[in-house]
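This is the structure I want to talk about, given as structure tokens.
Chain IDs A, B and C follow the sequence of writing; residue 1 opens each chain.
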């Protein structure tokens, strides 16, 4: 395991790969926890976990018209979702879900998904703005799908959620910028991930918000 | 008609085809009925019926990156949806919807869609777990879309709906298992359909449920 | 600008193109306004605007399996969404949203999207019923996505919304019919747009509705 992780840092390809798997696990857990109080059985929990963990990447792959959707080409992702869901069901039976820890885990998931999504879009040869957008979609669409399926207003449309997609976009722009100025890809990748995670951490700790949007009634 | 049905049993290809058409009709009716009390006009009813009847297969075709979505390649499915919707609008004007009969019809629709979806995934040459998943998606995604569009928590996320996707998965696994052990495809197909329908019937009659998922609050 | 608009009338290709851009802008504004009272920040507003403006065409492109989704192939659409959103955020800070004007703008957007969508489907060589359906999907799916994301029952499923998709279908059928009888494509295009806009205007002014669908309880 440790060897694989170290190897990952030498092969940017596998770095992307492991970032993606960890992101899927984290988001699957957040999806599974969202099934609470909806009266779901285990299968419902698994579905919601799968939609959250795989939804963003699936939408990206469909929009980019990639040859195959990532979890169909490589079923490891599905097993990761199943394992993460089983773990969550087991955990909440005995322990309280570590809400704060999960907020930070979610920030890491967002960071990994955003950069992985951007890198995949890059390799499809699309315009830079599309690379940024695909990274953001990979990062946030799973959570939107989770909220739509659980019949709640998606977090992203509520200002109470501090600057979720802004973090994602900032990190991707930093990643692209660093690469343009000759930074080695692995370092740029890790910097992008770090920026997203750090801005989210800061937003969570200091409750940073963007101004709310309301229409003036007269 | 009878000749065609008999012929269908000799040509597995056409068996799949007729199973699919019946499934579309049944799900379209369940979608049309879901428009009740939402204040829909006829077009809204038709849209909800189409989303329910065609949604699962469309998602499957998009995810598998098939050459064309099934109802675009063969518009018969659309006419089936239109006829089923017209029939439903006419029926509920004069008669009470046969709620119980519909629960059983829905079980049959699930059975047919699941196996048809699995067979289509099989012919795309994907891994076995993807075949199972695509069958389940074909069977349940239409209903999820119906509930999302009608702004309700999808049935699948409520434990009150007894083992919907579990039935679907069981039947597909049985179908794949039987084929692996040399069972002729037609028999395996019909067995898969029968297992899904039978487990759903049993679940409806005896109100079988999976345990509910709730997070322990302390 | 004026030259370009005049040129558009000589090149049906570019006529379609400008109709599409205007449609995206109008729908993006309607999406941005829907974020009101949901507590969205600017990014949430932008997301909802993008989903509304680009959702219908994206679904059409995915279902038709076109080589690339329209706003990925031509990023102008994205800038139109961003500009329209910025304009809306700025406008509602100082002025009341012109609700009535927007209803009419929305009717124009529907008219443009429907015909543009139908023309794109036509060029994919699908059956006539699919051309009509793709036009309607392009016209109405963005609005459905807006309502689903904002956690409301989509307008299309409420009879209170007068004959939205019926207008769209009528205009597309008129467009196809005129072309079949030898009408020059540009005139057929503009006639289709005019019919949709006119029927919607009439529906708004005289509050025309289709009969509501309810199940008789006995």
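Basically, a residue touches a chain if its C-beta (ideal position, glycine included) is under 8 Å from a C-beta of that chain, and two chains touch if they have at least 3 such contacts.
Computed from a prediction, not measured in an experiment: that's the story for all the values here.
Asks: Rounded to the nearest 5 degrees, how far is chain A rotated relative to chain C when their C-alpha atoms are superposed?
Replies: 120
Asks: Taking all residue numbers at the chain A/chain B interface, are over half used by both copies (same) or under half (different)?
Replies: The interface is built from different residue numbers on each side, given that under half of them are used by both copies.
Asks: Between chain A and chain B, what is the separation of their C-alpha centroids in Å?
Replies: 31
Asks: In chain C, which residues are in touch with two or more of the other chains?
Replies: 62, 148, 151
Asks: Inside the complex, what are the residues of chain B that reach chain C?
Replies: That would be residues 33, 35-45, 47-48, 58, 62, 67-69, 72, 75, 78, 89, 92-97, 148-151 of chain B.
Asks: Residue numbers of chain A touching chain C in their complex, please.
Replies: Chain A reaches chain C through residues 62-65, 126-127, 129-130, 133, 140, 144, 148, 151-154, 156-160, 163-166, 209-218.
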